[in-house]
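Next, two complexes with subunit A in common: one pairs it with subunit B, the other with subunit C.
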Partner chain A sequence: MIFGLPVLLMFLPLLGCFFVLSSRQNANNAKHVTILTLCSGILMILRLFSELDLSQKGMQFVYNFDWLTSANITLSFGVDAFSLLLLAGIYISLLTAVVSLPLQQHENKSLLAWNMYFLWNVSGLLFANDIISFYTFFAAILLPLFMLIGQFGDLKKKIGLYMFFIFNFAGIIVLLCAVVLVFKYYHGNIMLHEIALMNMPQKAAKAVWGGVCLALLARIPIWPFHYWISSIVSIIKNPLVYIITMLVPLTGLYGFMRFWQLTIAESVMPYINFMAIICLITMIFIVLIGIAHKEFLYKLFAYMTVYYLLFLLAEILLSSILQADTLQMNIAYALFTFLPVTSILIILDLQMEKECEDKNCDYRGILAYMPKRAKIFVFYVIMALGMPVSALFWNNFIIVSDLFKFSFNIGICVMFALSLLTISMLYELYVMRDLKKHISPNENIADISNLHLAYLAFIGAILFLSFFNPLWFKF
Partner chain B sequence: MIEHFIYMLPLLILLFGSTIFACKKFAADDTPQCFKLCRLIIAVSFAFSIIFYNRPMLIGLSAANHLTSILLSWLFVNVFIILYLARKWFNSIKQSGDYFCSGIIFATIAGCLLIISKNIVLTAGAVILLMAVNIRMLQKYRESMQNLQFKNVYTKSALWLMIMLLAATAKLYFQAGSGDYEIVQNMLHEKQSDFITFGASCILVLAFMFLLAAAPLHYWLIYTAAKMSLPILIYFLLLVPTVAFACLIRLDMLMLSTLSGSLQILYCAIGFMSVFVGAVGACASVNIRQMLAYTLVFFVGIDFIILQHFTLDAVQTAIVYCFFCWLALCGICITLFCFKNKGEYLLQFDQFANAAYKKPCAALIMTLLFFSLLGLPPLTGSLGLFAVLNELAAHNCFYSLIYVLLMLLILSYSYLNVMQKMYFENSRNNFDRTGFDIYILLFAIVAVMIFVALQPHYLIGNLWMAEIFYG
Partner chain C sequence: MIAYITLTLFVIALLGSINIGIKKDRLFSFLMFILLCGIFAFFGLDFAAGKDSVLAFVWNSSPGGDIKIDIISNAYNYNLILPFFTITMFAVWQNIILRFEERRSAYNAALVFNLTALIVMITGNNFVQLLFALFVIDILALFLIKDMEAYRRYILLNIFADMFIFTVMAIINCKVDSLDIREILRYKQIGHHLDFIAISGLSAVFMKIGLFAFHIGGVGLQNIRLHRLQNVWFLSSPISGLIMLMKFHVLWNSSVYFAPYLHSICILSMFGGFLGSMCTKHFKLKIIYWQMMFGAILVELLCFRGFEWSKEFSLLLLQMYVLAEALYLIYYYTGRCNLIAEIIKRHSNNETALNMAFVLLFLAFIAITGTLTALYNRGNRYYIWTFAVLYTISLTVSIRQMIFLPRSNIITAKAPSVKMHWILFFVLGSLSAFVLQPKQLLAPAVLGFTVAFLFLCRYMPAAKQIAFYGRYKNRDYIGMIYKFLFIKPLRLCGKFLWILVDRLLVEKIIIGVSLTLAQKAIVGFRRAHQSTTMGQLMIVFILVGLICVAFSYGGYK
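Here is the complex of A and B:
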């Protein structure tokens, strides 16, 4: 029975999407279906964790589907602790966003249907074990993303949306070229971790790895590929769409982890240092831009980008000196906490912005009027920045110390970026809490509901438990 | 002797049908009966062509194998779809459809002959018949084209091509002493260096280029498509390219493959030019019918780029790709029937504003079909694109591969324009009610696409072409 569960888990969001589409034009129906789907998914993930053998390397519960036998294409899907942790993080993030979604929105049905479709594609990507299925789901993410940003992103100028699509489509095309080349030399489908070990002519290997790296980097806001995401996220005001957009870099990062599971391809080796330098420069620049911006949301964007880049840096630099499994699990533990924490912060901040807009009051000092929200907001900000008893702190500490071990200079640069980021976010938090900064006091500002507070506290407790044992939920 | 007559039944029934339509005039009120009769004739003809699928309709002049059966089935499916959709259009404007039905029957006859033919004289005759039908269709059903400078552009070009085609066919026929593809192929093999013979073969290809609207002979479709009535547009987007393509691949493999070295440059040039014109033209379009015409030019270009290799693999890939494009184009054409405002079918992109809220289902399917045409996974079109790229990579045509993908990127801009209007632009546009039958047709197309995506081995994979080509 357990062997059918990963496939069911993979297709569960698609099933949810159909149910959302077929639900009545009642604002609540679609939302309830989505919550039910997400909760079922989380339960399935827990069940899969209970059956997972952590001592075993590679994918487990592998399911092969003979798609095109004559062309030697067998699609392979499976899970490991790494992909399941990421999926759990994504499910919790999306569940948090959906729970906090305003009920009265009449577009909820379309929004939630695309959200479910997006989740299906992300699940497929995390379950993909071979290059064809990886490419399929990597590319498929573009459609729901385009629709969500276009319909609910409040973009005033269409050019931003067009650029976003064309830029991402170009990335997909580059990856397709790489896939076609791999197919030409391997004469069939190949498992992701085997590609780095594959024998190819030198030129072809360079083209393949150049294509793969470019396509994956196109999803991560690294210079010069940062344009699409920075231009989009500064405008999006819908929390669910914002969170989904911020999940996109994760797909690129995940791709690197999967392609270089066993080893980094030789043809990429000479360029690793170059990539690392660009990563570091982008980190520092994005932090400086974050400081220059006054909105907390942009600082949060800078924070997320810096952490994604930190994980990427760790993957490209440390995979040659550390055991790939250990490194990946560290990153996975960090991401499992990172995703829900950042999602909650995005939701809380966007809710506050909306409240300010509705009540026509100033953003600064607003937390002074919302005691419950202030507590939970401060808790999550400090947790994000590395509160010593949070899982995020522990895993990030290991990753940064490994970077120091690899190169002191790189470690210093990373610490510099993280420190600036911390100062910038804490200062903004201070501004938001400072009553004196509030220009137009309005005492009718609504605080967070008790139910919502309880939910967020519950998520906080889950993340707190992860500090003592990252896989505490595995029985 | 009697069996020869029996094998000809599919053609004879179509001829009988055309005679009925020539003799009997249907009033505007009789449109449903007119279309019913036409469908019946086509259905009977289709049934006979299936029953005698392995028997040549015209002994000595035609072939009958698995490939011709598949192509004939494809042709008849096209005809059924066109007739079904056209009936709705004629009903809505209260106009008699007898002229259109007779045109479709004649086009079906020409299509059948093109698909089964193994004789250049028969092929040339069928091409001329098809061009004549096209001329009549355009003359009769063009919408407010009086002011257009190019109002007779198709007629003039088609007449010139007919004359050239007759001359070329005569040259090849008299030089080979027979019109049979095999004999002509042997003659071409012996006289490869003869410039006039090569020129005659090129004219044959030019005639098909014209029917397929490949650049630079695409102009007629582009100028007329913008103002074309919907049934005629579907006829030119679905039926004509299908039969022309079907005949071209048979001609390529059975006769012109001898000249592959020389024709490769021509095919390559046509392909590159069509892809460029299709992508750039579509981006500049603000009229959905014109954009679809450019899309056709683009995909025809890709087919030519693949066909330049003159191998069975290439032909198989071209068929697969053509099928996926046809499926998506067919779906888009059907969705066009869902968008009607105050009795008028929509033309300009602006008119599609608010479509996603008023017609969510049709808008969603149209969006998916556009993305499928772009080859975005997991939609079915990605299979076709993957097959094309694989074929190009197999022949080490990496520059062609990059060129095709770049042009696809440009083409995507035009589709974004439509989607942007449908989804992201608010307007007070209202749309007329759409019949449930159109949605059933759309869901059938979607079901076929899902089936093909899950079970692609019916189309891609083993070199099935070798089995069915000469089978």
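Here is the complex of A and C:
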């Protein structure tokens, strides 16, 4: 039975999507179906974890499907602790976003259906074990993203959306070329971890890896291509769409982790340092811009970008000197906390902005009027900054320490960026709590509801337990 | 055994943090204090028994080694924990008696949590354990300070310090491949970036203790309640800084910059603290500067004793605490006024209590001088003399102002009559009797300083100093330096990158030019498709060009 579970888990969001579309026009029907689907998904993930053998390397519960036997194309899906942890993080993030959706969007079937469709694609991407299925889901993600941002992103200038689409589409085309080249030399579908070991002529290898790297980097807000995402996220006001957009870099990061699972291809080795330098420049660049910006949301964007780049940096630099699976698990533990924490902060912040807009009051200093929200907000900011309240704390320590092992200068640059980021977020938190910054006091500002608070506290408890053991839920 | 004591303290703190009604709060906090007394008695008995033991368990594993929780019980750790345990007990008890807080049990719980974290830090031998305790102490400091405006700089500076320590530990871990702090000696042999590690580590410690150039965080605390200020100084981040110094000095002092940096900052702190305390009329600010001076001499004395904590240091810390408590009582019985000039006029209603507080202050001063005499040696003599002289002058000037200053041209306002807490004086008196070392009291230096103290208290020309206060604008020069050296450039840099690179280069030039080019290309092709001669010629040229390229590079011969 367990071998069918991963496939069922992969298709569960698609099933949920159909159910959402077929749900009756009722205020909460679509939302309830979505929540039910997400909760079922989380339970399935827990069940899979209980059956997972952590000592075993590589994908487990592999399911192969002969698609085109004449062309030697067998699609392969499977899971490992790394992909399951990421999926768990994504499920919790989306569940939190759906639970916290504004009232007027509860009944929006289209929003929730696209959300489930997106989740299906992400699940497929995380479960993909071969290059064709990976490419299929990697490309398919663009459609729900385009629809969600276009329909619900409140974009006033559509040019941002078109640029976003064109940029990502170019990435997909480049990846397609790389996949076709791999197909040509391998004469069939190939498992993801084997690509780096494949023998190809030098020029072809360069073209393949250049294409793969460009396609994956197109998803990560790396300088100077960060613009597509920074221009979008500064406008989006819908928490669900915002969170989904911020999950896009994860797909790029995940791609690097999978393609370079065993080793980095020799043909890209000379360019690794160049990539690392661009990553570092982007980290510092984004942090400094984050300091200059006054909105917490932009600082949060800077925070997310820096962390994604930190994980990317660790992957590209350390996979040659460390055991890849150990490094990946450290990154996965960190991401498992990172994803829900950032999502919750996004939601809380957007809710506050909305409240300010509705009540026509100042945003700065608003937390002084919301004691319950302030407590939970501070807790999650502390968690996000890698304080000892979640697995992020010591995984950060291990990752940074390993970066120092690779290069002292890189370690210093990373620490510089992280320190500035911490200071910038803490200062903004102070500003948001400082009553004096609240120019036009309005005492009718609504605080967070008890139910919502309880939910967020519950998620906080789950993440807090990960501090003691990141896989505490595996029995 | 310290491990069981730590665990019990943690449970008590957890229970104390339960939100119960205000009515039951006093009883609950009192029960908490009784339990603390019981644990303290066990602690004392264990200390006296002198048995060494270790409780170690693997918390988590990583390629860099196991993350262990070590709680090591030995005489050294008992000795180091003792003053903090005593101070925590006293702070809890004082909170019950003087009703500082609305929710006493919650505040007491924060204090006990803080003590638990300190014990974990003192007894631990693992980087992650140390970092964990360090961060927890900083987070708890927020609860102890409980003032948004005040902890802005304090917490930012402490976070910076934590980041420095994090970096130092990460560098050590990456070289020795171990999370065990005892392995730092191996790093010393490897010897990479020793100077960087020493300077970063020391800077972090200075930030935590609040020594000169890093004292803006401490100065920012001048508007919080005085008992919170004292609890933060004697139990929170400054102490964690000291512990870090004691744990890492073996590595840091191998750098040539260690000693000059440490001594120069300590000397500057003594003089800076002296000037600051002399120039300010703000009572709490004076206390902050005195604490800065005290921090400096403590670091210096530790340095000359090889950073080994001993009984004398425990005594010195407790004596300093008694002195701080005496100052607190003066503040409390004069109606909690912040300006030193106001204190004098508020004597009348609580004369007995104030006189007793001054006696307590005097006793604490003698005790401190005695301990300094015991710690005196050839190496540290200049530092001790400098500190003793500056401290005596600064303290006596303030006492002189508070007791003997002419009462003209000062705001006349009587302090409200406050209940005399005999039990408080009794306990503080007992504590000061405990920390007084009779052997040292007859030393010539102690006698000399006692006479000087009494003489200066009576005859110091303090009245002129009040006039000096008027000219002193209490400007935050160090804060301004920070602002102009670090904060403004960083913000400017961020704005420059945002406007010039993000907006101008990427948005306007790269994206704008690409869009314009795309539009032009579309217009061009549209025109080419129209049935004009030029359009058709253009298409023909393009196609011929493509054929030529394909023929040349397409691989055909």
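The definition used in the following text is that the second predicted complex is superposed on the first by the 472 of 475 C-alpha atoms of A that agree within 3 Å, B and C clash if a C-alpha of one lies under 4 Å from a C-alpha of the other, contacts with A are read in each partner's own complex, and residues count from 1 in each chain.
Just so it is clear, a contact is a pair of C-beta atoms (placed from the backbone, for glycine too) under 8 Å apart; a residue touches a chain by one contact, two chains touch by 3 or more.
None of these values were measured; they are calculated from a predicted model.
A.B. asks: Now for A:Phe169: first (subunit B), second (subunit C), both, or neither, which partner does it touch?
C.D. replies: After superposition on chain A, A:Phe169 lies in contact with subunit B alone.
A.B. asks: Taking the superposition as given, does A:Cys177 touch the first partner, subunit B, the second, subunit C, both, or neither?
C.D. replies: first
A.B. asks: Kindly classify A:Leu420 by the partners it touches after superposition: subunit B alone (first), subunit C alone (second), both, or neither?
C.D. replies: Touch status of A:Leu420: second partner only.
A.B. asks: Looking at A:Leu68, would you say it contacts subunit B, subunit C, both, or neither? Reply first, second, both or neither.
C.D. replies: In the superposed model, A:Leu68 contacts subunit B only, not subunit C.
A.B. asks: Of subunit B and subunit C, which one touches more residues of subunit A?
C.D. replies: The larger set of subunit A residues in touch belongs to C.
A.B. asks: Name the contact category of A:Leu142: first (subunit B only), second (subunit C only), both, or neither.
C.D. replies: In the superposition, A:Leu142 contacts subunit B only.
A.B. asks: By the touch definition above, which subunit A residues appear in both interfaces, subunit B in one complex and subunit C in the other?
C.D. replies: In the superposed arrangement, which is not itself an observed complex, subunit A uses no residue for both subunit B and subunit C.
A.B. asks: Hey, which residues of subunit A end up touching subunit C in the complex?
C.D. replies: Interface residues on subunit A, with respect to subunit C: 159, 163, 224, 227, 230-231, 285, 288-293, 322-323, 326, 330, 368, 382, 387-388, 393-394, 397-398, 400-405, 408, 411-412, 415, 418-420, 422-423, 426-427, 430, 433-436, 468-469.
A.B. asks: Would you pull the subunit A residues touching subunit B in the complex into a rising list?
C.D. replies: For this pair, the touching residues of subunit A are 67-71, 110, 135-137, 139-140, 142-143, 147, 150-151, 155, 158, 161-162, 165-166, 169-170, 172-173, 176-177, 180-181, 183-184.
A.B. asks: Hey, which residues of subunit B end up touching subunit A in the complex?
C.D. replies: 356, 360, 367, 371, 374, 376-378, 382, 385-386, 389-390, 393-394, 401-402, 405, 408-409, 412-413, 416, 419-420, 423-424, 456-457, 460-462
A.B. asks: What does subunit C use to touch subunit A in their complex?
C.D. replies: Checking each residue of subunit C against subunit A gives 59-60, 62-64, 67, 127-128, 131-132, 135-136, 139, 148-149, 152, 155-156, 159-160, 163, 166-167, 169-171, 173-175, 192-193, 490-491, 493-495, 497-498, 501-502, 505-507, 510-511, 515.
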